[in-house]
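Both of the next two complexes hold chain A, though its partner changes from chain B to chain C.
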Partner chain A sequence: MTLRARAGRTGMMRAGMILPPVLLLALLFLYPLALVVRDSLSPDGAGGGALSTRAYSDVFGEASFRDALLNTIGIAAGATAGTLVLGFVLAFVVAFVPFPGSRALSRFIDVFLAFPSFLITLALLFVYGTVGMANGLWTDVTGASSGPFDFLHTPWGVLLAEVTYFTPFVMRPLLAAFAQTETAQLEAAASLGARPGRIVRQVVLPEALPALAAGGGLVLVLCLNEFGIVLFTGAKGVTTLPTLVYGKAILDGDYTGACVVAVVNVALSAALYGLYRMLLTRTGAHRARPV
Partner chain B sequence: MPAPYSLVHGRGARWALRALFLVLFLPLFALPLLVIAAASFATGWSGALPNGATTAHYADLARGDSADALLVSLLTAAAASGLALLTGTWAALAAQALPRRVRRAVNALFVLPVAVPSVVVGLAFLVAFSEPPLLLNGTREIVVIAHTVLVTAFAHQSVTAALARLDPAYEQSAASLGASPARVLWQVKLPLLLPSLTAAAGLCFALSMGELSATMMLYPPDWLPLPVRIHAATDRGALFTGAALAVVLMATTLAVLLAVSRIRSKASYRQPS
Partner chain C sequence: MNVRAANVRAMNGGIRNGGIRFDGVTVAYDATVVLDDFDLTVEPGEVMALLGPSGSGKTTALRAVAGFVRPRTGRVLIGGQDVTALPPHRRGIGMVVQQYALFPHMRVEANVAFGLKARKVPRGEIAGRVAEALEMTGMDGFAERYPRELSGGQQQRVAIARALAVRPGVLLLDEPLSALDARLRAGMLTELARLHRELPGLSMLYVTHDQSEALTLADRIAVMDRARLRDCGTPQSLYRAPGSAFTASFVGSANLLAARWCGEDAVELDGGVRIRVRGSGGGEGEATLCIRPHLIGLGEPPGPSGPPSPDVPDMNVLHGAVTGLQWRGASHRVTVSLPPSGAELTAEVRELSSPPALGEKVSVHFAAADAVVLPPGGTP
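Here is the complex of A and B:
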């Protein structure tokens, strides 16, 4: 065997090493997803019967589905906007107005991100729930029989929980971007007489745009797919697409319907994420990336 | 952290911003975790502060089958993060030998499970593995495999990022001295990757400990992880028991993360600087 042929063969063998994990992923992830699509198109039972979109028209006709769809999009859009604003303010203060303990803070954020999302809803039940801290404080002070806070089982409760849980996802890339920002740039701008407001607008914000974009895109998809927060809010009050998938499959035993909602949910996440990336390219946020 | 540079020079303005930070940060992020901890020791909560202190909720947990739930969660997370680390590292290492385009496609494929709702992954498992030849529905394995699929993306991403940062000079000099590819992998690459591997293991473990969505779709009656128990408790109105269970979940996750970060700092000694 010539040296070259041998090198080619080991090269192919090394490239072939990718096959086991890819095949495993195909069997355990792509194949099940393909079956979900197939089942959503065969309302008369898997395998038997012709493909039909009847299940889709059935599900689209249900009021509960339309509610869930609107809830999902509205909550995800609102939560993404909220996390971007809040994340920027918090990361800005941590990075540029240093105070003791800001380092421990970034450790805290990492730990916070490792905890499951439903803990936030559970905590909010004690803070804003019907017998929680906020209402308790209100009744103690005013002597009224019940407090004014009663939004936890509405979309606003889900929104608050999602903004809380997902803001660190925006803060982390922002903190990394701010750490890269040349302080000399800021000093130069300041020494040339720029006020802090202008420095933020013209120096800090452009530097932060790629990180804001990346964090925002991630949060949008995670919010569209969020399940735990909504489930803990109480299934009756607010339904989103993921909880509708659960309700149809586990509570109603309607697997075809669940598959339809699942396909819509995945398509929606992919479409909104694609749209979001396209808008970013249009507005040129990617150009702000430091070279 | 870089040399602290303060953008805001006015003393008042700086304190105002710090105050704003505390006003936003404390209620939003620190308070929820503290509130859960406080509630787990509370006899009731109908005022601004808990009504009284008790350890009864924990005593209830010790009597019930919550210890089982903790064990189930620990075993599931250990198995899932081990398998995910193996698959993710294997894929990240093997992808290096591929042409650029194929490599990007493979990387995209492995990140995909993050973009798909976990509930849908659970549903897909129910649909795919409820019939022969792969009849897994109702077994404990299906929960472990689903968790593995969900966390592999994080292991893969973290190892891929670490590989990109790795200085190729180490493996090149090892190879030029005659080390076989297997030896380069075992004695050069993997030791250099150890810090990111342990960090990835910690993250996968934590995510698996808290996984609820796919688990709710798949769990068999004899394999109830902690998050499912927490949901069951709060769903029947036992909020304080739920809080105690949540504290157990958080403390265990934190302990594992701390243990992993110790390995990490030990491992960093071995890393040539």
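Here is the complex of A and C:
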């Protein structure tokens, strides 16, 4: 057999292995997505007739859409930043500051990842809701008729719930990364005169950057598309793109409008995630440089 | 003056506060004592090797100096200052560990500059000090490399440069050569010995379980066992007159035989074999006889006029059967079983042109001055 024939046969075998999963992906994911895009461009909402961007103009002109867009970006960015900070601090403590129960806490984080998001919201309602424990304690102590905690239905409430729920998603990869960090490096840094703050900034953080990036990227995408938490906490005062899709499609019967918002949501997710990766690649360029 | 000499002079000028003192230091984890009432002084400019088996407490002693373990009782002094309560970053030491512990995301020059920045050395001085430390360790051509681009030996040189760049008065080395192969280890030992000569004010505390490293490098050796200091002295004194069977077996190799005093200058092995020993005024009861393998000769001892003779004064001549034979390149190790007890003596002799066969009857001899009597027991 000639070299060319052998190469052709190898190429065919490779195509034969790749094609089935690609077709399955197209059938299960890309085709429904294509239907959503097509319907968002159909003037009558039934997918027929000439393509039109009129539905986009209509939706973009609505104040509710603009609010939902800003809420979505703001909450996702804030929750990602919050989980990165909180997750790093907590993971650092669990990994490097020995205390009784740290192993059990580490295991609990794994369990926490399996909890449904609305459960966290429900728990926060019990604690910070208008008739929750915090307000009850306040009224018992001060004798006032109502307590000061009334933020769960605002973007801050959604932010708190998302930071609480998604922090373990950052902690998990960080704990795995910290487990690989040599204690000898931290001790060498200390013996050279570095205080704990410098050791964290210049030794621990750079080595944890890939894990931090992985956790942050995951949280950003999940927050952009979070539905349960927003519905439970902020349904009255906060609308995001996923809840707007739900409102338009199920409550208003505006299927074309829902498709437009859904397309924007997908594009936003992809764009923000791309931006996030680009920023990380630039800030962490020294790690990626071939050696 | 060449660059190297200038660098050596600059670094020597910056070294201050050498010397370490352990003053009754005890370290314990709950009920387990890992360092017990430890007293030791390392003089400024001295290389002290802490030698002992795993779990003897030598690394704990080093970590107590570095500040990574807090003594339950006692004090640690560096340069005469009590540092027991100081955190590691305020102790002014340099440390080199077995796994190198270089920062993998930093280039070599950033690794070496790390301690200088942490100690707030003026920015303008840092580049010069980094170059000086790299030049001293022969790594000046590798400043732009990442640690993963270097061999184990090169990484260890960078770790030493990083520790020396801050010009510490005390350099702690925790099994620094254990991760290197034999050839690299020999090279690094030579390098460390050169550094010691060039930096006479620098005190080094060198933790190792390898006696050859301790014998090569140390001015004094502290032998440790089961959390306690067993012996301390120069390599020569510990080798020639060890204080215990444990020290004898850990500093060089030794034949250690159970014996019993039977006069002022003689002991008796099991089975009644009488051995003349180094004059020590004698003793009573049980003892351990120590003879270094290279001080034992094979065959009859040479007489005063040359040919072998069994009647040389102060020479012990024993007869037995060969039970082991090892060729070691320049030498042979011959193990001889002594009747009637079956106690074994190993002799290390120059390579034999016609070595004895296993089971062959042979004679071995050694001078009374080379037979040292130690307190009974205590072998590891």
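Brief remarks follow.
Just so it is clear, the second predicted complex is superposed on the first by the 257 of 291 C-alpha atoms of A that agree within 3 Å, B and C clash if a C-alpha of one lies under 4 Å from a C-alpha of the other, contacts with A are read in each partner's own complex, and residues count from 1 in each chain.
The rule is short, and it goes like this: a residue touches a chain if its C-beta (ideal position, glycine included) is under 8 Å from a C-beta of that chain, and two chains touch if they have at least 3 such contacts.
Fair warning: this is a prediction, and the values are worked out from it, not measured in the lab.
Partners chain B and chain C, brought together by superposition on chain A, fit side by side with no clash. More residues of chain A lie in touch with B than with the remaining chain of the pair chain B and chain C.
By the document's definition of touching, neither partner reaches A:56: not chain B, not chain C.
Touch criterion met: A:24 reaches chain B, while chain C stays clear of it.
When the shared chain is aligned, no partner comes close enough to touch A:149: not chain B, not chain C.
Applying the stated contact rule after C-alpha superposition, one finds that A:187 touches each of chain B and chain C.
Of the two partner chains, chain C is the only one that A:195 touches; chain B does not reach it. Of the two partner chains placed around the shared chain by superposition, neither chain B nor chain C is touched by A:276.
Minimum Cα separation between chain B and chain C in the superposed model: 7 Å.
Shared interface residues of chain A (contacting chain B in one complex, chain C in the other): 187, 190.
For chain A in complex with chain C, the residues that touch the partner chain are 182, 184-185, 187-195, 198, 202-203, 206-207, 286-287, 291. Residue ranges of chain C in contact with chain A, taken from their complex: 66-68, 87-95, 97, 99, 101-105, 114-115, 118-119, 146, 148-149, 159, 162-163, 166, 172.
Across the complex, chain B meets chain A through its residues 1-8, 13-14, 17-18, 20-21, 24-25, 28-33, 35-36, 38-39, 45-49, 87-88, 90-91, 93-95, 97-98, 106, 109-110, 112-121, 123-129, 145, 148-149, 152, 181, 202-203, 206-207, 209-213, 216-217, 227, 230-231, 234, 239, 242-243, 246, 249-250, 253-254, 257.
Every residue of chain A that touches chain B in the complex is listed here, in rising order: 11, 14-15, 17-18, 20-22, 24-25, 28-29, 31-33, 35-36, 39, 46, 86, 89-90, 93-94, 96-99, 102-103, 108, 111-112, 114-120, 122-127, 129, 131-133, 136-137, 139-140, 163-164, 167-168, 179, 183, 186-187, 190, 196, 199-200, 204, 221, 224-225, 227-228, 231-232, 241-243, 245-246, 249-250, 255, 258-259, 262, 265-266, 269-270, 273.
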